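Next, two complexes with chain A in common: one pairs it with chain B, the other with chain C.
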Partner chain A sequence: MAQVKVKSVLMTGNQVVVKAALTVGAEMFSGYPITPTTEILSEWAKEAEKDKKLIFLQTEDEPAAGFVMVGGVSMGKKAWTATAGVGNVLMQDPLSMAEAMRMPTVTYVGQRGGPSTGTVVYSQQELNLTRMGGNGEGMRIVYAPSNLQELYDLTIKAFNSAWKYRFPAFILSDGYLAKSYGEVNLWPLKKSDIVPTESAFLNPKKQPNNIRNCFSQEPELYNHLLEDFADFASISEKVAEAEVIGDKNSHILVCAWGVVANSAKTAVDELERQGISVKLFRPITMRPFPVKELQKAAEGVTDILITESANGQFGRIVRETLYGLLEAEIHRLYKPAMGVMPEEIQSKIREVMR
Partner chain B sequence: MKSPRFPDTIKESSKPSNFCPGCGHSIILKNIGQLMADMKIEKKTVFAIDIGCSLLAWDFFDVDTFQTHHGRTTATALGMKRANPDAIILAYMGDGGGYAIGLQNLIHACYRNENITVILANNTMFSMTGGQMAPTTLPGEVTNTTPDGVFTADKPFYGPEMLAREAHEGAYIARAAVSNPGQAYSYMKNAIQNQIDGKGFSFVEILSYCPINWKTDAEGSAKFLEKMKKTFPLGEIKK
Partner chain C sequence: MRELFRILVSGEGGQGIQVLSKILATAAHESGKKSLYVPNYGVEQRGGVSLGFVQISSEEIGFPKFQNADILVITAERAVSRIREYIAKNTLIAHDETLVSKESLKDIPNQKISLPALKLAEETMTGKVMNMIVLGYLAGMVGGITEETLKKAVNETLSGKYKESPELKHFNERAIEIGMGLTEGVLV
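So, the complex of A and B:
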């Protein structure tokens, strides 16, 4: 983005997300307040008050917000929603319909500590729920920002990926990031870089469209699913992203994602200053998961430290991805619904080295 | 209700329909098809249906149709309308979909005066799942989950009357029955016209037959519907 003029602004995570949505052409928002994503509603309401073309609806509950969104998408609007925790649980009802019908939706999730209503700042416990949803196979695209700038960049990507590939997309954030305040480059987007929308209905050039999500014959649904799996597999390599930092030749690999990866980066940098070489693998997309990138990063490694603000939801993905490929020892720093500080990661690594 | 001929809005493949013989849904649907043709709105309309026996109509019409989740038709439909106010959005559901699982969405659509039309078939039961009790089940009525009529409430759920209390000026709310075809046709027409005129929420409950779960023959169905009419008064409740 070296060429374009960027506007650096101080703002909160939630404000960043709304700005990004507007940059990428979002037109409609429906939601139900829940900490830590409530400001998405209030910020969008302010924007919609200024710009009468923007649609805003505060609904009676999360399922309504989600179904209103899907209804809007079906009529060709770039519609999105935001939720968290127990709201994310309820939101899976409309999102499963979006998944079944290949409706491109965008959902911003501010993870909360769970189960149930839990807490509102640190958590990575909505990983399974967001990646896999409810009674489906997780035909979804999930981006995991680790700082304010990435909230902007990855929200834009989520919208474009959703409409390009027609799978529900997510920005999987958390309370800490949502409420963080800092400087962000609000780089502009060329119109040609915005994936356009299309209405499923009332298209004068097309035959009437009858769409459903209930089937009477097993093979009908099965064949649908096979098509979706094939499509998802074909986009996976294009969409999957990861970042590997630190010493490539190190025998110690730290795996972390989201804001915990940010802590891990600080830890890796600090250790490097002290002459200890470590590398960090950090997935940017949680689904599709950057399988090859992790397998490559893990080559020749003797110890792997997995750390997360959950009790192994991420760890299970890492271990499954590396299953049978190496004999490295696995170490865990799991702190469900707690933040993970750089110092803790550093001391855990020192422990591993002993 | 009006003409015995099938309107062009109904697909060739929908005849004969997937509904059981004597089902009220096919009567209502045929008349919705007739209305869309008579009002010349078939190219502007999206028909949104619930899960329940209404789902069998997912490809009934040569009209854009969106089959949603059980109870979620109202929310999906109003999302469509907000996204495209020029479209005519017709939502169709059963009493379980509208008054049980989807009541929250229905009340709030009415309370916010969303400019959509909701048609609800009341057959006093959850029919698709084999005839369980619904909020509309009559006191003492035998269903799959009210054996010998036990467990029923001592009064059924009056949907249109309840909605009318929260409805805005300009909303249209009525109750009709498949056995009074002229009235049902004109109430549905008024409801759709209300939406076209931009006056806000419109709702018609239609008392409907379910001979399969009522376990009735033609005469028994007619009798049961007469009993329903005594409990649920027909008429325009708000206009």
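So, the complex of A and C:
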């Protein structure tokens, strides 16, 4: 294999995301500022200043930003947006349209505390909203990075998956990651690593398409939805990803996602140093959810500790996935809109073991 | 052996807490260490308590925040109530006595070190470079970061400000030297 030149740099999370988007060929950004993702908008604006081929539009609000993105994508532009909190709530109208019309939009979400304006800092409370938001059925691909490097890798992946499978994709991050400043390896991409785009309406090889988000008869919409569900089911196993670390034979399973999974990893490593074996299941895609991977990781487990910075949004997915399969006791460390420190996870695991 | 320093820098808006935290992370990275920095921030744009969480390690760093600080710097009295939750048994507290009274820390039993950053900055140059003295001190405490590397990180980060006030480069460098000098002979 040819030697790939990797550039290791120090950056903030928001800068990493913009870098990744440019690397994978993003061409257009529309957005409305909101902490903690405002720097995505301002960094892109700076890039667009330098490169006149890049399109940038700051709209009057989030719905407008989302519809601009859908418009760009429909004409074959690799368009994306970034939002958070109440902005993510407002964005659900255009995102539902993207779902209805199978538009490969890419949305970066920097979760902040909720409900409502909440805090500008941090939470994992936008999981339900990002996976299943809008008046649809959650035909979405949602990646959950746990550190700065994954922010780079998974942003690239989100663009590629969106355009490959033609479902809206998301990078579900948070304010801690967005504002973190640390080392990232910027991998260059070959042209073949980038999924190409095409216009949905004006495909030169095919007849002009009539793509609809409005149907007059129930069976029409119903049959259309069945096709989308079937498509989504067929890609789910290919797209779903998870990571299992620690002692595979341990009877204690910790389930965590995003930056909390990073915290749990530190806790599991530290316990291992002290001679205590635990395993950690961490989904990389929150939708489609890595069902088989979780079910396998949970085999033979007596205790499951679910931890998250929300009041059980993730816990419900875990319990639903494992329903009826095992009799393990479920323990919870839920800290809505608060960080979960490695030390806390460690002491909770010790408590579970007692 | 894994080396890990969890440093919490606390003060108030305008003292340059976030700048010094970011430069510390940069200089550690330039010295071949792993580093991660995250600011604490709220709705307010100015003023208020400012916290910088910096982790420096020989290995990959996980979560951006931490519960227990190894070194805690306090440069504002009103930060005291906010940092209590990060104090563990072994947390070393470095505080500037001209800014934080002994009285306000008297119920904290931890080992304390006087870090007269503001006084030194005012006496030798200007109070503005107080944060650079704290930065030099922290780099010295971490170890393995040379004066040269630290100055380079400072100058690269702050080069934009040097156009307006060229004397600042000299002041910053001098402040770094003073700060690093404070840790000479101190072993943690």
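The rule is simple: the second predicted complex is superposed on the first by the 344 of 354 C-alpha atoms of A that agree within 3 Å, B and C clash if a C-alpha of one lies under 4 Å from a C-alpha of the other, contacts with A are read in each partner's own complex, and residues count from 1 in each chain.
The rule we apply is simple: a residue touches a chain if its C-beta (ideal position, glycine included) is under 8 Å from a C-beta of that chain, and two chains touch if they have at least 3 such contacts.
This is a predicted model, so every value here is computed, not measured.
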| item | value |
| --- | --- |
| Fit or clash - chain C, chain B, common chain A | fit |
| Comparison of chain B and chain C by chain A residues contacted | B |
| First (chain B), second (chain C), both or neither touched by A:136 | neither |
| Partner chain in contact with A:312 - chain B first, chain C second, else both or neither | neither |
| Touched partner set for A:118, first chain B, second chain C, both or neither | neither |
| Chain B versus chain C as contact partner of A:63, first or second or both or neither | first |
| Touched partner set for A:201, first chain B, second chain C, both or neither | first |
| Partner chain in contact with A:30 - chain B first, chain C second, else both or neither | first |
| Minimum C-alpha spacing, chains overlaid - chain B and chain C, in Å | 27 |
| On chain A, the residue positions that both chain B and chain C contact, one per complex | none |
| Residues of chain A defined as touching chain C within the complex | 10, 119-121, 147, 176-177, 179-183, 259-260, 262-263, 265-266, 269, 339-344 |
| Touching residues on chain C, where the partner in the complex is chain A | 22, 25-26, 29, 34-43, 61-68 |
| Residue ranges of chain A touching chain B (in the complex, touch as defined) | 28, 30, 55, 57, 59-61, 63-64, 67-77, 79, 93-94, 97, 199-202, 204, 208-214 |
| Touching residues on chain B, where the partner in the complex is chain A | 43-44, 46, 48, 51, 55, 58-59, 61-69, 72, 75-84, 87, 104-105, 107-108 |
